[in-house]
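Going by the order they are written in, the chains are A, B, C, D and E; count residues from 1 in each one.
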Amino acid sequence: MGWLGPEEWQAVALSLRVALTATIFSLPPGILVALVLARGRFPGHALLNGLVHLPLILPPVVTGYLLLLTFGTKGPLGSLLAEIGIVFAFRWTGAALAAAIMAFPLMVRAIRLSIEAVDPKLEEAAATLGASRIRVFVTVTLPLILPGVIAGAVLAFAKAMGEFGATITFVSNIPGQTQTLPSAIYAFLQVPGGESAALRLVAVSIAIAMLALIASEWFARRAGRRGGGA
Amino acid sequence: MGWLGPEEWQAVALSLRVALTATIFSLPPGILVALVLARGRFPGHALLNGLVHLPLILPPVVTGYLLLLTFGTKGPLGSLLAEIGIVFAFRWTGAALAAAIMAFPLMVRAIRLSIEAVDPKLEEAAATLGASRIRVFVTVTLPLILPGVIAGAVLAFAKAMGEFGATITFVSNIPGQTQTLPSAIYAFLQVPGGESAALRLVAVSIAIAMLALIASEWFARRAGRRGGGA
Amino acid sequence: FAAASLKNAIEEIVGTFNGETGHNVTVSLAGSSALARQIQSGAPADLFISANVGWMDTLEEDGLIAPGTRADLLANALVLIAADPQAEPVELSPGVDLAGLLGGGHLAMALVDAVPAGIYGKAALEGLGIWQAVAPQVAQSDNVRAALALVATGEAPYGIVYATDAVAEPGVQVVGTFPADSHPPIIYPAAILAGHEGAAAEAFLAYLSGATARASFEAQGFVVLGEE
Amino acid sequence: MTLSVALHHALPGLTLDVAFDAPAGVTSLFGRSGAGKTSVVNAVAGLLRPDRARIVLEGEVLADTGRGIWLPAHKRRIGYVFQEGRLFPHLDVRRNLVYGLRVTGRAVDDKAFARVVEMLGIGALLARRPGALSGGEKQRVAIGRALLAAPRMLLLDEPLAALDEGRKAEILPYLERIRDEAGVPMLHVSHAAAEVARLATTVVVLEAGRVLRAGPTAAVLSDPALTPTGPRAVGALLIARVVAHHDDGLSELDAGGVRLFLPRVASAPGAELRVRIAAHDVILSLGPPEGLSALNSLPGTVAEIHIGDGPGAIVAVETAAGRVLSRVTRRSVARLGLAPGIACHAILKTVSIAAEDVGVQAGPVRAG
Amino acid sequence: MTLSVALHHALPGLTLDVAFDAPAGVTSLFGRSGAGKTSVVNAVAGLLRPDRARIVLEGEVLADTGRGIWLPAHKRRIGYVFQEGRLFPHLDVRRNLVYGLRVTGRAVDDKAFARVVEMLGIGALLARRPGALSGGEKQRVAIGRALLAAPRMLLLDEPLAALDEGRKAEILPYLERIRDEAGVPMLHVSHAAAEVARLATTVVVLEAGRVLRAGPTAAVLSDPALTPTGPRAVGALLIARVVAHHDDGLSELDAGGVRLFLPRVASAPGAELRVRIAAHDVILSLGPPEGLSALNSLPGTVAEIHIGDGPGAIVAVETAAGRVLSRVTRRSVARLGLAPGIACHAILKTVSIAAEDVGVQAGPVRAG
């Protein structure tokens, strides 16, 4: 481990934690929102769709700033959540929140595409067999959109690993608490001659993401094999 | 147009041009790469997959820096391309290149998911009717994946509209040449009292992206209606 | 090419300069590091105003600036700001109990190893002998403006930013200015780049030191250096 | 009335305007391709929401658009064998089969499972996914899936079209048992007259979205005017009681005092069967037949003669066993001098009665 | 030899090991569900690549795994009507129909198009998408799509299973015309004996992945040992020439000097037809029939008697028209004292011969 300092290892560990948390916690709402967007026909449809895409459109700094205003300890939601013990400001949880929000549009899109590709005739068949809408979703729709969910998760994970602008704006960069890999890389790049140190971290970052990618491909292929040739 | 200065209008126009160019030019390679990733089984599969995802994983600054090293006037590809008259460095074309590369993983994922959802039995049927592989692709696969292509394009467009880190690192921030909306927003945010100006630009940015979103939904629904209920 | 923190002043000056001389100067505003790297990669820039000395040194070593054109253009001061409008002024003398002042809160700064404002801030705190004490509570942002925002939104009770940033933000209170000797001088060096074309660069560099420019810079809180 | 359906729905190219009552037993929807059969079945299942509809199953209102009632599909407990399979591609055959039980939290009855699997001949496929099944195998699994969900009504949309005669002959008795023993009413779509005649208590003939005829099977199928699926659909249904099984593979039945010989039937002596006698399989003879290989001869009197458009005529002969129909040529009518009141024999080969023509009797078959 | 197939392929649950030659005309693959019919057809189409295969079509080697030859599907110019439709969901019916021409850069022949559309009764559907079609309508469009691509061979996988009798009766003559006029060879999968008897020149019976019997239709279908799809498949094929059409809707034919009356056939006097006479439709009489409604009586001698496992027996009667098979009960054999050499009459009702039993003769039907 000689070639990475302890602070750098901390950054690696933190990044992993942040990315995993962001991915896992955004999956359920991601699936829900994708479902609503794919199937729902309601007045606020375009609005919700736009809202979800917002983090993609806005410069990350702006997103981070908006997060700060909303989820900061003084922000409307932040102060509310603080009362039940959930604090984002200057915590790794905040970094995860920022990463999750930034990755959300990617996740939702992937899942939504999968949902739209599901043959509603199969869901009808499940309903005639007595499955309620929720059961139909769990037993038919969800397994069929698994490739999309996996794709969404891996996109979100990769994005969360690379997210920087919104994170640093929202929770800044406190070594060991909120210093993720990208923040560390950025810091190195800001000073003359920091390239080689940055490169080491970039390599670590790539390695982790590659592993995640390969794992996701494996899972998707398994899921695909299960549903294959139908 | 009183509330936006001429330079700001320039930024809006430039951003549009950059995002459109990035989207349009990355569509063909995006479809191709998605096809290869969805259908191909070859040794370099994982590598290609990783490469495509790289811009997502890396902090944008790093991507921008790598672009600068590769496509800058002194870079290996950049100097080569310069000889045939294609210059990216510090041109709006460079901004488009940066945006395209940053958006590429999103586009590829969306298209790939759609391709994986296409029933190969339909492609087989087309083959028995005499369609060569390319014809099958153009007449069957492509129309069936249209929703995915549209989703990919809109993701890419939105991303390109919001892209900032790699762009400013690669082609800097020259008004009228490489100053896109996000760069302009960034610049405003760097100075005291720039917030309200930044806010105006953010609003413009959101408006454009929303229009693109709504248009894409409309197209996708039309495409969906065409293929619907099959 | 100019550091992004100069935006307001430099744009005003460019406006008047272009108006007066008929030249057509355009400015590219970005982080000093990004600009420096672009110059290393052959950016078509004529003039570079950096927010720190380090990047200018690097370019000079690489032989990328026209010899003899480098000049220290501006200086800035470092201040301690507070979110609380009622905050007491703080005497920033060696050994001041900043950590105590923070309570459990954070001290917002720019990246202390990377961004000029952060580097200066860290040096200042070291100069005061209190870096070790407050280091665990420092929240580093990627730029001064973000640090300022942290204080302005009340997220961090105190922050260290440039004087120029503090003046324009109504949400914060300047509670103290770091003694100039507690940190290396905060200098914005300017230089004409090697391989520039035309005389506009020289003219503009000269103009930057002129009276009109001085007024603009000072209006933004900068201290203009160099010959009067 | 077990099921009562009245609906109106406009589709591009077809306006459905259908009302019929389905008493206990099997009701067959009979009609040409595109007549609207699947659409009606979909409405009953709750998958197609018609513009106007009132559907009542065993007293429970499933749908009444006038009163805004629309019970969702999963609450109807109606099993549906789709025209196109619709198996779950991500589940293996076993999980497809037990899906209906699992999803409603019921336990799988191993005996019932084994019986259905054996009857459908899908024991070897249980671990496979639908993607690796042949067309007929898919359809069999779909039948099993609907049956095992233990629904209170079954919808069967051309369930046997993809199956060979042998397999059909195995599945039909099973459907009869479900109809009779479990008392599960069925709505059945088919264009095979034999299948309809064997299973159906009631037949509803659809043409271009409307009900052309509806009524008891015997009455509808013996209607010579019924041509939507061709004259081969016409035939009579006789009720007969099994008397004995003989060593040479024949079963002896008694139909109103007349002896009938059929290829061995499964039912025990005493059981009442319905026997479909297709009109085109019956030969008429003026005198008692002699030296003929045909074993069955029913003496009677000509009751009616319908002359059709083509070369054929339907002669209804009143016999002690019931009314028998015979499709003969107009030339034969003339040659034999057939006219109402003329005495004649209806002659029928034993082997003309295929296994699928003999069904277990369910409820009264009212002659129309 | 138009098509020659030899292949070996291991599937989970079934090992295909099939070799047969298909001469010009129609070859029917006949067999129970899961026997491997679709798999064989897929291999011919180029969609299933068997472990070992050699497939030759009109002298051109489509596949020879030994020599590493594998012509891709789109170069084979083989039309395929799939068991499950496979219409393009994004194209309307018209575009589905002309897809094969468009994609190979050929012009659409408006006359041919109109003819196919009319024959299939899909004129009203042209602007619709497949999602808005009924099951039978989809299948008809699929048939039209394959036909209009003008392939040099047609594969038909249970093309008519979803269709009613009336529609079948309209499509069958068209397929015959294609077989005879255009000379397009066909490989046809069906479990309906009448369809096979009418269309096929050659029948290949598959069971569990192996060829059970293969040969000329008459020979295979008259084989009493043939039971994969039930005894109802057994029947004889007679060749008869149209003599005259009568006013009462009957056509008079001459079969080796014997007069046959059939419901009006479409062919002009002089035309040679193949008439399938199902064994279970033939009654045997020791003396010449009198006072019977049946118009056709063929005198002959009993040639052979096969006693089966069940109650039935197949009696082959040599007549001037050819060999006729009759399925009677064992009891009748005993009662009438039937034995080889005994003189008898084969009696057949005119109306027993359904439209689908009469086909236009193509090539010699060799008796086996």
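Criterion: a residue touches a chain if its C-beta (ideal position, glycine included) is under 8 Å from a C-beta of that chain, and two chains touch if they have at least 3 such contacts.
Because the structure is a prediction, the values reported are computed rather than measured.
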Set of chains adjacent to subunit D and to subunit E: none
Number of hops, subunit C to subunit D, where each hop joins two touching chains: 2
Farthest-lying chain, centroid of Cα atoms versus that of subunit D: C
Relative to subunit E, chain with the most remote C-alpha centre: C
For subunit B paired with subunit E, centre-to-centre distance based on mean C-alpha positions, whole Å: 57
Inter-chain centre distance, subunit A versus subunit E - centres from mean C-alpha coordinates, in Å: 60
Two or more partner chains touched - positions in subunit C: 31
Residue numbers of subunit B (touch at least two other chains): 61, 65, 186, 189
Subunit E: positions in contact with at least two other chains: 84, 132
Inter-chain touch pairs (all): A-B, A-C, A-D, B-C, B-E, D-E
Interfacial residue positions of subunit A with respect to subunit B in the complex: 46, 49-50, 53-54, 56-62, 65, 105-106, 109-110, 112-114, 116-117, 147-148, 151, 155, 158-159, 161-162, 164-165, 182, 185-186, 189, 198, 202, 205-206, 209-210, 213-214, 217, 224
Partner subunit D, residues of subunit A touching it in the complex: 121-122, 124-133, 135-136, 139-140, 143-144, 226-230
Contacting residues of subunit C [partner subunit B, same complex]: 1, 4-8, 26-31, 34-35, 37-38, 41-44, 143, 145, 164-165, 167-169, 220
In the complex, subunit B residues that touch subunit C: 61, 64-65, 68-69, 72-75, 89-90, 168-169, 172-179, 183, 186-194
List of subunit E residues in touch with subunit D within their complex: 11-13, 31-34, 37-39, 83-84, 124-125, 128, 132, 134-137, 140, 157-158, 161-167, 169, 191, 193, 227-233, 246, 248-250, 261, 263-264, 280-281, 283-287, 289-295, 310-312, 326-332, 334, 336, 338, 347, 349-352, 354
